[in-house]
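There are two complexes below, and they share chain A, which is joined by chain B in the first and by chain C in the second.
After this line comes the complex of A and B, so read on.
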């Protein structure tokens, strides 16, 4: 087996709702920065993570405009992780569950995000060095 | 003997099934496996010396490595000197190490 590892992650939580999403992206970022090939299968609400219509907003309670609020946008983080992977000699491959996307209407995703089904997760799990499923509660 | 990394993200004050996860760690050790229990998010709360920490210290005495995500600890203001006996802070990188090395990794 080559030194370049391939690790698959399965995510289910939507953005902005649970620390699991943040931890998952931290893990994916670590693997990407090592130059690993990283597969992400987004299921259920996790298909909203690379949704490009997430937008910054002001916060009147804090008295911040949009720039001062600097609200985190997961799709921006994911794009940065993909760039880190490429710079380190690896690749971030991301598949959104197609039916989950249709149900939620989150079709506008980052360019490299592909549409797929749980069968893709099975194939990735078969071909990867390891797989971590991060289930929703 | 297999290597297991068990990731606990829930705290026992909120989720009764955390005890089941600790028990699974104990059972895997009893069966001769190498077990690391990694605490993350609210899973680090019982890492503080408290009424909830003895089960974790007990696991370390049985041979488990019990680690707590240093980022989650900082978020919650838990300093290293407040950790219960046997529990060590660790970077999240340890999870990717285990994934890359072929451990069986289970998230709860």
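After this line comes the complex of A and C, so read on.
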């Protein structure tokens, strides 16, 4: 195994439901900024995280138009994490569970997101320094 | 050395009617089919997955009858038959009034006090 660390994450939560999704992306971001190779296997609702049809919206309660509100979009965060990983000499690799995508109809994803299966998670786990599962509850 | 993983399933009945199975039992079965050395520990409400004869059929919305309900006891048995060890936490089963005779054959009982020793037999623990 090379000196470069590789860590695999398995995520399950959909966007906009609870703090675990943001916490997971924080952890992934830290690993990316350290130059690690980071693998993410998105399972079930997590396949919605890199869905590119997420759209910003205004917020009348805040008194903001869409630009002022700058509403968080997980697919934008993930794209930024991928750029950070590359700048730090690492790589963010992301696989969406294909069947999970099909049943949710969230086929439009970031360009680097690939379609896969639990077999991919296992192959990543075998070739990584460690694997962290962040399941839904 | 080949990786050995214990999947601890605790979140139970999460969308099992929509998914027609428990997604972690499913992914465990799929990974084993790909050659993975992965076993399962059922704890919390997931101990109920081992109860034989459970029936989730009958879902109907309007005229739309949903066929193929989840068969979680069958899914547990399938894993066992395919060579996986499926442990059930006896403390959690007892808390829910389950007797050993309520459970499918082949489940391996383990007490809470022995979970640490069990985990030591695996390279990684994935807690779902």
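Throughout what follows, the second predicted complex is superposed on the first by the 136 of 137 C-alpha atoms of A that agree within 3 Å, B and C clash if a C-alpha of one lies under 4 Å from a C-alpha of the other, contacts with A are read in each partner's own complex, and residues count from 1 in each chain.
One rule holds in what follows: a residue touches a chain if its C-beta (ideal position, glycine included) is under 8 Å from a C-beta of that chain, and two chains touch if they have at least 3 such contacts.
Everything quoted here is computed from the prediction, not taken from an experiment.
Once chain A is used to superpose the two complexes, chain B occupies space next to chain C without a clash. With both structures placed on the common chain, the touch criterion links A:110 to neither chain B nor chain C. By the document's definition of touching, of the two partners only chain B reaches A:26; chain C does not. When both complexes are overlaid on chain A, the residue A:88 reaches neither chain B nor chain C.
By the touch criterion defined above, A:73 lies against neither chain B nor chain C after alignment on the C-alpha atoms of chain A.
In the superposition on chain A, A:119 makes contact with chain C only, while chain B stays out of contact range. In the superposition on chain A, A:130 makes contact with both chain B and chain C. Annotation: superposed on chain A, chain B and chain C show a minimal Cα-Cα gap of 6 Å.
Overlaid on A, the two complexes show chain B and chain C touching the same residues of chain A, namely 130, 133, 135, 137.
Those residues of chain B lying in contact with chain A across their complex are 9-10, 40-42, 71, 92-93, 95-96, 99-100, 102-103, 105, 107.
Across the complex, chain A is touched by residues 2-3, 5, 11, 14-15, 23-24, 27, 30-31, 33-36, 38, 124, 126-128 of chain C. Listing the residues of chain A that touch chain C in their complex gives 10, 12, 43-44, 117-119, 121-123, 125-126, 130-131, 133, 135-137. Against chain B, in their complex, chain A makes its touches with residues 5, 7, 19-20, 23, 26-27, 30-31, 34, 36, 129-130, 132-135, 137.
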